[in-house]
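What follows are several structures.
In the two complexes that follow, chain A is the common piece, with chain B as its partner first and chain C second.
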Partner chain A sequence: MAATFRIVFVLALVSGFFPQVLEAAKIGDVTETRVIEQMFRFLSLKDPSVRATVIGTTLLGICCGLLGPFIVVRRLALVGDTLSHAVLPGVAMGFLWNMEKDPLAIFIGASLAGLIGACAVNLIKQTTHLKEDSALGMVLATFFAVGICMMTMIQRLPTGNKSGIDKYLFGQAAAMNQEDLILLSVVTTVVLLLVFLFYKEFLVTSFDAGFARSIGFPVNLIHYLLMLLLAFSVVVSLQAVGVVLVSAMLITPAAAAYLLTDRMHRMLILSVLFGVVAGVGGAFLSFLSNNLPTGPFMVLSATAVFLAAFFFSPRRGLIPRWWRQRSQTQRICRENILKAIYHILEAGEFEEEGVTFSELSIRRNEDLLEVRPQILDLEKADFVTVSKSENRIYFTPDGWQTACSIVRNHRLWELYLTNAVHYAADHVHDDAEKIEHVLEEETVRQLEKQLNYERRDPHGKPIPTFADIEKGLPTARQSRPATGYMSKS
Partner chain B sequence: MMDSSKNDSGEECPLEIHDLTVAYHKKPVLWGIDLKIPSGNLIGIIGPNGSGKSTLIKTVMGMVPSSSGWVKIFGKSFRKNACRIGYVPQRESVDWDFPVNVLDVVLMGRYGRLGLLRRPKRDDREVAMQCLDKVKMLPFADRQIANLSGGQQQRVFLARALAQESDLYLMDEPFSGVDAATESAIIELLHELKDQGKTLLVVHHDLPTAKNYFDMLLLLNMRLVAFGPTEEVFNYDLLQKTYGGRLTILSEVADEVRRHAEADS
Partner chain C sequence: MSELIPSFDFQAVFIVPWQEDFQGYFLIATMGFLISLSCGLIGNFIMLRRMALIGDAISHSVLPGLAVALFLSKSLATTAMFIGALVAGILTTVLIELIHQNSRVKPDAAIGIVFTSLFALGVILINVYAGEVHLDTECVLYGEIAFIPFEPLIDIGGREWFPGSVLRMGGVTLLVILGIVLFYKELLVTSFDPGLSVSLGISTRTTHYLLMGLLSLVIVSAFQSVGAILVIAMLILPGATASMLCSRLPAILWLTAGLCLPATLAGIHLSIWLDCSMAGAMVIASAVFFILAWLFSPRRGLLQQLIQKVRLPEVHNLTLDNSQE
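Coming up: the complex of A and B.
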């Protein structure tokens, strides 16, 4: 996602601006360097500062994870991003209030700045014919620019250097103090309560605002409530994730959840889960790497979850989809070879029971090198048996039924196109080549009925019926019933 | 302008509109509509593109603000009587990839009765299921709405409106983009609702079928051309007035109004 690419870029860029950002992080309170020890220290939760970090990032994951799905389905992702950048001047103002990191002052300043940003977007949208995305883009950049200027100024002040204000840019979960945690838990509780109480209202206004209005729901009020919650959760997440990346914590876990489920309430649960995983995971990785900024690690953890969903989601994942496509192609390929065998047998008026490899290669217009592995594959799938002594290929009952059905589907469809849709006779074959593989039994029965159980296709070839398919290969019935199908030997 | 003389005097009028003018971005799209809908009728709203058909029903429900005039639903404002209106929006107005299934959508029809804060109960689910059954979509109750055909999506919307159990229904092109089977199923259902004494106002696009589908027609082209029983209103002169001969002056003035408004602001 865009945020992920931005991490690397902005990190490189701003580390030039604020060398302290990276250096300050390196000289954190953690001195041990051995990874295993660090891991143990984090996971055992004995250290109070680690405990605070874990509680903070868990709350943050819940808060962002709960709001995220509504942001995603309402297409407010860009709004979230803009809001998070727009709060930066407010953070700086909150800091300037009494020249120290006072979470409440910063909370108020940031919320105000966010509000002004949102109003600016609305003003541009309503008074000009510019569309929302342009307005958002401009407001985002402008407010961020103002914020960066103010931050640089604060850094230059005598006390500014050790203020820790730079940690608001990329986030430092370990820098969360008790007041931060209280603020975070208040906002999380409010979000949790409101989403629980107004789930129905949030759902219907997100899905169909017009309908929600028609039943008398206060659609605008609910929208503003959601925006307010969005702004609050951005502001309380700042300390841990940072201004630059906080919107990704709202969007990425929800996006990953959206790939995995079709129901809103499940999406909320998954999104919260992913949010917590990303939050705590990010804090953990940051801790292991000597307290490098937490934001990038959190976002990358969220992205990892998203990528897992992107590739492996059972319904929408790239790999399951690719696998389904592959097995579909394989099925069609198999069916086409079985059909070719049927055609050869039919041309010989079912005198023979099997076909030779060379007959098949001529029919398929492929050389023996290509035909042989295909037949071995069919044999493995139990559609045909190969007699090595006679060098012949025989249908198994399954193989016969499949081949016969495909031929039936093909001819039935040709007949339908000719008789009912009035296709020209030379146009029907190519179409039937595709349709034969997808017709389902119910449709076939409907087609048969509509075509008055006609037994000949437009080219005069017989159309197999369900009874023919059941009975098995004609020669097997007539001449040598006992050895009709060759057993695997 | 035709008057609705057949209004039942005893019953409250389901929908009364008085001197309604509506403007989009300060450009008037409906001029001075006066209307009294008699109850228990299946009424088609017809008119060319851009004649304000959707706008009319959206204004009735307060989704579009009116510049002048008033609307009364069963003698009261929309806000007070919202629960007596059922609404079927245009199918394209929502994102069908939204993470809900068919039953979730139909349950939304109960939300208006529940009001804020209360959750749907077992009874509401039961009603929703019955409504799904009426539109023959019960087997699809658990289906994600993205995996439905256009006709099926329209049936879901209809089931949601049924679940509202309203007295007045406003439907925005319920026949657009549906298959023939769905179309006849919908019209059958509309007649059934009418027989139960409900009043239905249906925006319709297809002139040839309009004659057979509706008891009454409302011909609209920026202003009310005619309103009355189908056999009286569906004639060459009035249709010519509605569709033919664009009301150039009216739309030109509308443009002028907007230009002035922009110059003022």
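Coming up: the complex of A and C.
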């Protein structure tokens, strides 16, 4: 992690102190619209304005990606949204300061407006009965309305260089000039340094504010520090993403990272990575055609990353989870049939080695037509063999061992519930029916020990032991090698 | 600065516009009033259920619906746009539920992800089909209520009265009022006590989706006039102001309705004075009303709280003195 930080840090410094590499020719001035040509222009990075865009969006991705995880785990996602809308009057004020697009004035004005907005939300929450969501929505829309009014007033002003101010609404990465980039790299460096230095503080206050307070961390101060950084990063991202969509750059990459890992530092790294991918990807896509806003493309790139994580995350993704659930259902179904075969054999005191299809269908209370495919599935999985001539089903060693351990788990659990937890003997079956599929070997050994290696369950039936399972089917041991069972082994 | 804020001239701001173009301003005022009335009424229930930000999400996400409908129907046919936006609005709620139920992403982040993605999609669609779609991204943000007088009027009973958008908004407002009157009990119970409503046999789910449908309808029809983001202010501000002043729901609803007209008119005149976005000015006027109520409400205003804080030690001392005696 430290290595990553160092690399990013150096990158930020380089772009900050040597801005002459980023000459600011405007991409928007270029008129060619051929997609392939544009693609090569972007990918070759020969064009200085392309380089500027790439560096700008990379820094933006780092900046937002670093703060996003804290916002997401603190459930402040919509505070970020409110903050990003609330900066609009500040942008207009900064513009009015000397009637041109001066990044520093706009930065200061917007940060102030954002912070005032955040404070207004807190004030409304504390002094009225209104809930947080109402307060957020109210501040968001009111500040935005003020901003919109000021923007429309600026538009009709006769003086001043108004070009570029309307780009703040939807963003135009290509409109970023040298000063914007310097500001962006300074803010990114500050955010990096602060997150790196106060990582522990941010982490603890995010997850357990009470604990943090008890060990003497200034929780409120850290909260406001985070808000300040948030306002900074929102403001510097405005030029590229726009007021309306900047919150997505905070939330979406972090949420995607949140689906992939449980450790905060990994989440930070992933989120930065996704932020950069989304930023550069969005710039690339919007570059393909003329005069497309960058912000929406960045947001959609981020959403694509999120959707990929949502569906395919190995542990939490929808599809792996669905797959796991399916295979689990299949396993449980198989185990239940094996158990039923065991019960039939046991009822015949292991005189027979196989069961017929009709016996099984009666035991399972299912139609023959339903039983047959299930058995064929078991045969394919090598749990049973079916003798076509006798129309009988025989265990393979695997099948026997599985059936036996399921029955053992079931009876052992029933015994545990009656003896150790003092359930009534007629109440334990349903519970055991569920737990039998998930008991692990170690737990079983502990249970056996705790129950003094008792061999009979509450209903008087024998509990198979590990030794029984190893030995194989009783009849097979005693009598001649049975057709189905032995032929497989 | 003097260029930015014109000098205030009562005559020019309040009288002249009405003398010059009475019908135009009458239409704008009617539209503004209808929007803030329907939004304000339904907003009360939205706030009670803590769903204010769902309203935010829906208002952003109707954009791709509008764009697709416009693109498919190749015209400004209102029915197609209505259906498109309504579908998008309902899709938003469904997507938010889907994400937050099927992953560990919290509802707030789910809202943030869904509406930004859909809004981005809408902006791109509009930009890509800029030639074919008659919809401006700027207007998406702050509406075009000022252009209502230029819409063609529709004949009713031999006389041209209102443009189609105003009539439609009127219909939606009627529907909202009717919905609230007819389902008042259901809305009330499900908002305050879902447990009780289940035991009374009122389905919280049905009521929820009814409200969501109505909300989408209101947002969709207000969208063109006031834009995506200002709709939220229309939803929340009047109800919030009213609830600062009284605490029983019927009273709040009546007060909300009463606040709408002054806020709309104040907004119109503000925008005439400053020559700025009309929808924005209406929101600012509502916000000023809220701030006034927040400061001076006799029941729970800041001033009142301050007075009580000052008085509390006095009262405390008084009781202490009494007990000592």
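The definition used in the following text is that the second predicted complex is superposed on the first by the 409 of 489 C-alpha atoms of A that agree within 3 Å, B and C clash if a C-alpha of one lies under 4 Å from a C-alpha of the other, contacts with A are read in each partner's own complex, and residues count from 1 in each chain.
The rule is short, and it goes like this: contacts are C-beta pairs under 8 Å (C-beta built on N, C-alpha and C of every residue); 3 or more make two chains touch, one makes a residue touch a chain.
Since the model is a prediction, treat every value here as computed from it, not as a measurement.
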Touching partner for A:M267 - first (chain B), second (chain C), both, neither: first
Contacts of A:F198 with chain B and chain C, given as first, second, both or neither: first
Contacts of A:A118 with chain B and chain C, given as first, second, both or neither: neither
Which superposed partner A:G137 touches (first chain B, second chain C, both, neither): second
If touched residues of chain A are counted for chain B and for chain C, the larger one: C
Partner chain(s) touched by A:F217 [first = chain B, second = chain C, both, neither]: first
Which superposed partner A:G80 touches (first chain B, second chain C, both, neither): second
Which superposed partner A:Y258 touches (first chain B, second chain C, both, neither): both
Which superposed partner A:D208 touches (first chain B, second chain C, both, neither): first
Residues of chain A at both interfaces, chain B in one complex, chain C in the other: 258
Residue ranges of chain B in contact with chain A within the complex: 58, 61-63, 78-79, 82-83, 85, 87, 89, 93-95, 98-101, 104-105, 108, 111-112, 114, 116-117, 119-120, 144, 146, 160, 164, 170
Residues on chain C engaged by chain A in the complex (per definition of touch): 1, 3-5, 47, 50-53, 55-56, 60, 99, 102-106, 108-109, 111-113, 116-117, 119-121, 123-124, 127-128, 137-138, 141-142, 229-233, 235-237, 240, 243-244, 271, 274-277, 279-281, 283-284, 287, 290, 294, 300, 302, 305
Contact footprint of chain C on chain A as seen in their complex: 72, 75-78, 80-81, 85, 96, 124, 127-131, 133-134, 136-138, 140-142, 144-146, 148-154, 156-159, 166, 169-170, 244-245, 247-248, 251-252, 254-255, 258-259, 289, 291-293, 295-297, 299-300, 303, 306, 310, 316, 318
Interfacial residue positions of chain A with respect to chain B in the complex: 69, 73, 197-198, 200-201, 203-204, 206-208, 210-217, 258, 261-264, 266-267
